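In the two complexes that follow, chain A is the common piece, with chain B as its partner first and chain C second.
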Partner chain A sequence: MTTTPTSDATTPLPGAGENAVLAEVTEALHAVLPEIGLEGTAITMDTRFVEDLDLESIDLVTLTGELGHRYGDRVDFPAFFASLELSEIIGLSVGQVVRHIAGCQG
Partner chain B sequence: MATRSDGNVVLPVGIREIRYHGPEPTAGERLECHVRITSLTETRLAADIQLSHRGTVWCEIDGWENRRFDSPPATDAIRRHPEHSTLARVQPGGWHLVFEYWPDPASRELMMRNVLGGAERDAYAARPPRGRHQWLLGRIAAKDAVRHHLWQHDAGPVFPAEIRVRNDDSGRPHPEGVHGRELPPLDLSLAHCAEAAVALVRPAGGAPVGIDIEEIAERPETTRDAVLAPEEHPLYDRLGGGARTLIRFWAAKEAAAKAEGTGLRGRPRDFRVTTADGDRLTVRTPSGRTHPVSLAEVGNPPGLRPRRYIVAWTEDTHRQHHEEKPS
Partner chain C sequence: MSAARRPRLNSVRLGPVGQDTVVLVHGMVTDNLTSYYFTVAPALAAAGHDVVMYDQRGHGRSERPATGYRLEDFTDDLAALLDRTDTTGPVHLVGNSFGGTVAFDYALRHPDRVASLLVVESEPPTAAWAAKVSTLLADSANTLRDEQALPRIERTNGRHEARLARQACPLLHGTTIAEDIAASRIPAEERWRALDLPVLAVYGDTSDLAGTAPWLESLLPDCRTHHVAGHGHYVLVNAPRTIGALMLDWVRAGHRQRAEAIRA
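Let's look at the complex of A and B:
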């Protein structure tokens, strides 16, 4: 059992299942870009952060902060993003991040 | 219409009825034309038209309808003399700033045709709809900054379509001449945010170029910790903290990272703001170099959604740009 540095101890830990992680990533995305929720854009595993959602780099960094808040040290998001080439970041999909998180938890 | 300063670019979209009262005049005959405007809204202009031949009404056109396009005075010059004028305006510090004066999508398509060459129009069309307008704005800022530089060095007329911006594999933009236009070696940096775009151009090999623009807006609590290293917190707090200070730090880091040619690589905390002096921040990059970065605040013009932005750009101060040993 790993411990989590997340301050909000009442929130149940997201499960390792990809659906649970997808829900968590979607929630983090809505925290970063509230207008995504307003526009009713559906977030799927195929949604691309830059190409489809038009996230800018400060949004991506905010997203890593949000996800870091949720998953703590178990997932090194800055290292994950730093490992990607620019072209990979532009094409990065929600599914890739979800699978990375699920992999780190498994 | 002549009393309106915007919406003076029109294209016909419909005619309700045309009535002819006689044979068609032969070529070269002079006709009299009377136009009565019947309605004028933000996007439509309707009129009835009467054509007379030697004092007799020959033809009546009812319900001639024109679509009006966004065309505020700031866009007049680029339509009339594109080879001598820019949409972007040069700012103190030498960078260029342009706003999206054409919020209506159809008006944007018209402006796009004024400024992009054939190959660029294909690239524009291939982009996903979200973000397409900002890509266009960034291209405009870059083309205008390059053309301004050429004019400063005694170039004659240069059309927007004679300058193309190519992105290399690392994402860095490079200006190129097309249609026979030759460019001197130039370094270019550009950035866009919401309804604004900025560009900075300098001769290659001089002071490194990096520019960023970011909207001043409240962000989730977690942004601060994702952007700032713990070592930066005392300076951040001393400068007042809050959204504005955070965006100033962020934009300065982005500008320095672009000047390095690396980008932030997902690690903004490794680019440290080390000193602050008014509108100038110093950023130390992971390579150990330091970049003096200037800051300015700009706002959307009237007619657009009110927003304020921070612009950050690396200064042209060779002497202050030197290698430091990593601490």
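Let's look at the complex of A and C:
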């Protein structure tokens, strides 16, 4: 069970499930990447990992490793990334990851 | 063997741990394990392979020592990684660009530990290779010392290329990589002629390296080559499905068919 991530710029307000996932993703970001100065940076569904947070692509792998510990086999992150083109990964938003996780938990 | 402490290497493993291990070695400076993680690695794992990838020293989230960037340092890192990786037999080695050069060097030194070699846009280490790559690294470092370089790259090649160039600066400016590559230990040519391992070398047909395929086939006892039309040096990330399909076929059974049989 997976959802197809959308890449549109307008993001609806997250539902209750997505809110909880957003909080988890934000916590995971702080846990694995304390050095990127996220303190004080608001993480929203529209925040883009590379463009807004200046993450390197390798940081996304580290983040998904942490999320894998938290969500286990319910979320197949490698398959999620394999479904995206390189340009889509560069433009990836927090909301796309949140919706993917929420969809897998369906 | 250097007595220096080995840098900590970041690695990722996908798929079932065990037989048919595929080890993926990435390229130089602007590269890291994401070139595989975001492209071919998930499909290899989904097909039942134990997939090991890592960031080479100075790259990605591995340590970046100030010195120690001769080819043999990279090759010894791969050997140390495989020493502590629980595999049940020889592994399939895959290398992209410089990662293929490391894979060639490793295969020459540990042929009993390698089942096959698949290299993408790579060449084995020769004196000419070391001189060329060292010059490229030194030139890149010099170019990026100009404070107008990054804005120029952004205007010409876009934000992503500028970002990659900025991320390359600590390695190019803060380490001895250019000098060290030039001082690498280069195997004697006759040793390649005795490398009895199946090798598949893949090229983008518009790349500068594409023309070296006949030389490689004549150098190695069991080597075949394949050209991907319409692509250059970055064929792995620009044609991941094509390269992924080649890799899957190769590690499943393709490597068992000797090059002579295919050519005949």
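General remarks:
Assume the second predicted complex is superposed on the first by the 85 of 106 C-alpha atoms of A that agree within 3 Å, B and C clash if a C-alpha of one lies under 4 Å from a C-alpha of the other, contacts with A are read in each partner's own complex, and residues count from 1 in each chain.
Here is the rule we go by: a contact is a pair of C-beta atoms (placed from the backbone, for glycine too) under 8 Å apart; a residue touches a chain by one contact, two chains touch by 3 or more.
The model shown is predicted, which means the values in this text are computed figures rather than measured ones.
Within the superposed three-chain model, A:23 lies out of touch with both chain B and chain C [touch as defined at top]. With both structures placed on the common chain, the touch criterion links A:104 to neither chain B nor chain C.
Legend: residue contacts after superposition of the two complexes on their common chain; A:86 is shown touching both chain B and chain C. Between chain B and chain C, the partner in contact with more residues of chain A is B. Of the two partner chains, chain B and chain C are each touched by A:78.
Using the contact criterion defined above for the overlaid structures, shared-chain residue A:65 touches chain B and also reaches chain C.
In the superposition on chain A, contact of A:52 is made with chain B only, not with chain C. Of the residues of chain A, those at positions 50, 56-58, 60-62, 65, 78-79, 81-82, 84, 86, 89 touch chain B in one of the two structures and chain C in the other.
Chain contact summary for the complex, chain C toward chain A: residues 10, 12, 14, 32-34, 37-39, 41-43, 45-46, 55, 60-61, 160, 163, 167, 237. Residues 50, 56-62, 65, 78-79, 81-82, 84, 86, 89-90 of chain A are the ones that touch chain C when the two sit in their complex. The part of chain B that touches chain A in the complex is made up of residues 128, 130-131, 134, 169-171, 193, 214, 219-220, 222-227, 250, 254, 263-269. Interface residues of chain A facing chain B in the complex, by the touch rule stated above, are 31-32, 50-54, 56-58, 60-62, 64-66, 68-69, 77-82, 84-87, 89.
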